[in-house]
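Below are structures written as C-alpha cells.
Note that subunit A is present in both complexes that follow, paired respectively with subunit B and with subunit C.
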Partner chain A sequence: MLLKIIGGLLIVFASGLLGILFSNRLSLRYRELTNLRRFMQMLETEVTYGATPLPAALYNISNKAEGVIGKFFSTVSDSLTDRSFYTVRDAWNESAEVILEQSSLQRPDIELIKNFGSILGCSDREDQEKHFKLFYLQLRHHEDAAMEEIKKSGKMYRSLGFILGIAIFVVLV
Partner chain B sequence: MSSEIKILEVLDYLPKRIRHMVKMLPDATLTEIEEIRLRLGKPLCVAGCGMEIFLDAEGKGPDDPGKAYLVSEDDLKCTLQLVCNFSMYSVEEELKNGFVTVSGGHRVGVCGRTVIEKGKVKTVKDISYMNFRVAKQIIGASDKVIGYLIRSPDCIYNTLIISPPQCGKTTMLRDIIRKLSSGNKATHIKGMKVSLVDERSEIAACSMGIPRNDVGIRTDVLDGCPKAEGIIMMIRSMSPEIIATDEIGRREDADAITDAVNAGVKVVTTIHGSNIEDFLNKQDLIRIQKGVFERYVVLSRKRGVGTLETILDGRFNILYEEKYK
Partner chain C sequence: MDVNLIFKIAAIGIVITVLNKVLLQSGREEMAMMTTLTGVVVVLMMVISLVSNLFDSVRTMFHL
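Presenting the complex of A and B:
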C-alpha cells in the first residue's frame, strides 16, 4: 500500500512539474519584452543625450545586455561597422530575422522591432525621441498581451499538470 | 604627399557601386581628384585640377555627359548614412552648417531643403546634392613664403593671405601654422604658442576634438567657435603668441583682430579676394586695412593650385613677385 502511495505521489509531482515548465515558457516571452524595453531605453539615452553614433551606441549596450537582445544589438553593430550592410534598416532587419527568430518572441513582436529599424538614426535627436516614445507605447501592448497569456494559459497549464497527474493516479489505482 | 591614399579614405563613405566606378580611374587621375559630386538624377562627377569627368558605369569618362551614370535616390540615402555613421542625430549641428567633416579631415557638403525654425536653419532634409571635398594637407606648401613672415626667431609679422576660393589658402595657412608652432632650427624659427580658432573645422579638421591634420606641437585648437568670440577667448585663456584663423570678413572679426594686435599677439589669417585691392575695398574691414598687417601674401591658381603671386609689406611695397614668361 505504502509503495502505491509513494508511486502515485511521484506521478502527480512529475506531471505537475511538467505543467509548471510549460507555463514558464510563456513567461519567458514577457521577460524578453521587458528586457527589450530596458535596453531600448538605454539606447534612447545614448541617442538623445549622448548623440553617440549608432555602431558605438549599440556596442556599448550589448556589453551591458545579456540574452538574446544583447546578441541582437551586437550583431547590428558589427554588421554596420564592417559594412556588410549600407543602411541601418537592412542591418537591423537581417539581424532581427536571424537572431530574434531563435528567441521566445513571437512574430508580431519581431515585426514591431523590425519596423523601428527604418526610423533609427534617420532624423535629428528630437524626432528620434518621439519615435522611441511611440515604440514604448506599442511595446506596452505587446507586454500586456504577453502578461494576459501568462495569467490565462499559465494557470491552466499548471493546474492541468496536477489534474492529469491525479487522473493517472486514479486510473492506475 | 600621400594624396592617393587620401582619396581612398573618402571612397569609404560612398556606396559600393560608386566606389567601384571611381576606383576604376587611373591612379594619376585619382591623385588629382579634389571633389566628387553627387547630384540626384544628374551625372556622377569627379573634378580636380581644372578637369571634370562624368563617370559612366564602367568607370570611364564618356565625352557625352548624357551617357554618364545618373546618381539615384538610393545612392544619396546610402551615402548620407555612411557619412553620418548611420546616425543623423549625431551630426545635427554640422548639418545646420551644411557640411559634415569625416575622419581624415575631408569635408562633405550637403544641400537639399532647409527646415527653418525661429529664423535659423534647423536642419537640412531631402538631401539631394552632396559634394565630397578631398582634404589635402600639403606639408611644405608654405616653404617659399615662410621666410618673408619671420621678423626674428621668436616673432613674426602679422600676415594676411589673400586668395580666391580653391586656391590653397587654407592649405598654406595650415602649413604656416605647423611650421611656426613646431619650430625649426635649420630655418631659425623658435616654436611659438599658436592658438587656432577653427570656425569651420577646416584647418585642423578636428573630429571628436582631435586634429586630423598636423598643425604643430604648440597649437591649441578651438574648434567650431565663431572667430570673433574665439579670438577673445583664446587671448584670455591660452596666452598665445600667435592667433591663427581662417576667412575673416565681418566687422566683428576686424574688431577682434584689432584687440589681438593691441594685446601684443601676432595674427595670421586669410581672406577671399584676388588682389590687395579686393581687401582694401571691403567696407566691414576698414579698421584693419591700415597699420595692422605687415605682410600680405596673394595666391592664385594660374600655375596650378597655390601659385604664389606676390608678397607685400605693410606699406604695400612688393617684396616678391611671380614673373610669368
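Presenting the complex of A and C:
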C-alpha cells in the first residue's frame, strides 16, 4: 500500500513537472524574443550611428547580452573575426542553426532571424536602418504570437500535466 | 465483484471531467472530445469482462 502511494506520488510529480516544463518553455520563447529585439536595437545603434565594423559591434553586444542570445552574437562575431566564413550571411546562418537550435525559439523565429542575416552589412546606413525597422516589426509579430500562446496554453499545460498524472495513477491502481 | 472498481470508475470520471473542462477553456474542442472518448473506452475495457459475465449468467439462468 505504501509502495503504491509512493509510486503514485512519483507519477503525479513527474507529469506535473513535465507540464510546468512545457509552459516554461513557452514563456522562455517570449523572453528570448524580446531580448533579441533589445539587442538588435543596440546593434542598430552601433551600425547606423557608431559605424562600428560588424565583428566589433557584434562582440560589444555579446558582452552585454546574456544567455543564448549573447552566445549567438559572440559566435557570429568569432566566426567573422577568424574568417571561417566568406560572408556575414553564412556566418549568421550557421550560428543561427547551431546556437538557436538549443534555445526555446521555434522554427519560424529561427527562419526569420536567418533571413535577416542576408541583409545585415550589405547596404548603406539608411537602408540598413530601414531593414532593422522591418525586422523589429516582424519580431514584434512573433512576440505577440508568443504572448498569445502563453495566455492560451501556458495555464493549460500546467494543469494538464498534473491531471494526466492523476489519471494515469487512477488507471494503474 | 468488488466495490473498488466502482470507486475507480468514479475517479476516472472526475478526472476526465476536469480534463475536459480545462481543454474546453483553452479552446481545444477536438482534444476535449478525444479525451472524453478515451475515458469512455478505458472504462469500457474495465467493465467489459463483468458485462460478459452478466450475459453468461443470464444465459445459464434461462438455459439459452
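Things worth noting here:
Keep this in mind: the second predicted complex is superposed on the first by the 138 of 173 C-alpha atoms of A that agree within 3 Å, B and C clash if a C-alpha of one lies under 4 Å from a C-alpha of the other, contacts with A are read in each partner's own complex, and residues count from 1 in each chain.
By definition in this document, a contact is a pair of C-beta atoms (placed from the backbone, for glycine too) under 8 Å apart; a residue touches a chain by one contact, two chains touch by 3 or more.
Since the structure is predicted, the reported quantities are computational estimates derived from the model, not experimental observations.
Touch criterion not met for A:M1: it reaches neither subunit B nor subunit C. In the superposition on chain A, A:S153 makes contact with subunit C only, not with subunit B.
Of the two partner chains, subunit B is the only one touched by A:R125; subunit C is not.
In the overlay built on the shared chain, the residue A:L80 is in contact with subunit B alone; subunit C does not reach it. Of the two partner chains, subunit C is the only one that A:L164 touches; subunit B does not reach it.
Ranking subunit B and subunit C by residues of subunit A touched puts B first. Touched by subunit B in one complex and by subunit C in the other is not one residue of subunit A. Considering their complex, residues 152-153, 155-156, 159-160, 163-164, 166-167, 170-171, 173 of subunit A touch subunit C.
The touching residues of subunit B, counted against subunit A in their complex, run 15-16, 77-78, 81-82, 84-90, 92, 122-123.
The touching residues of subunit C, when paired with subunit A in their complex, are 8, 11-12, 15-16, 18-19, 22-23, 25-28, 42. Subunit A makes touch with subunit B in their complex at residues 47-48, 51-55, 57, 80, 86-88, 121-125, 127-128.
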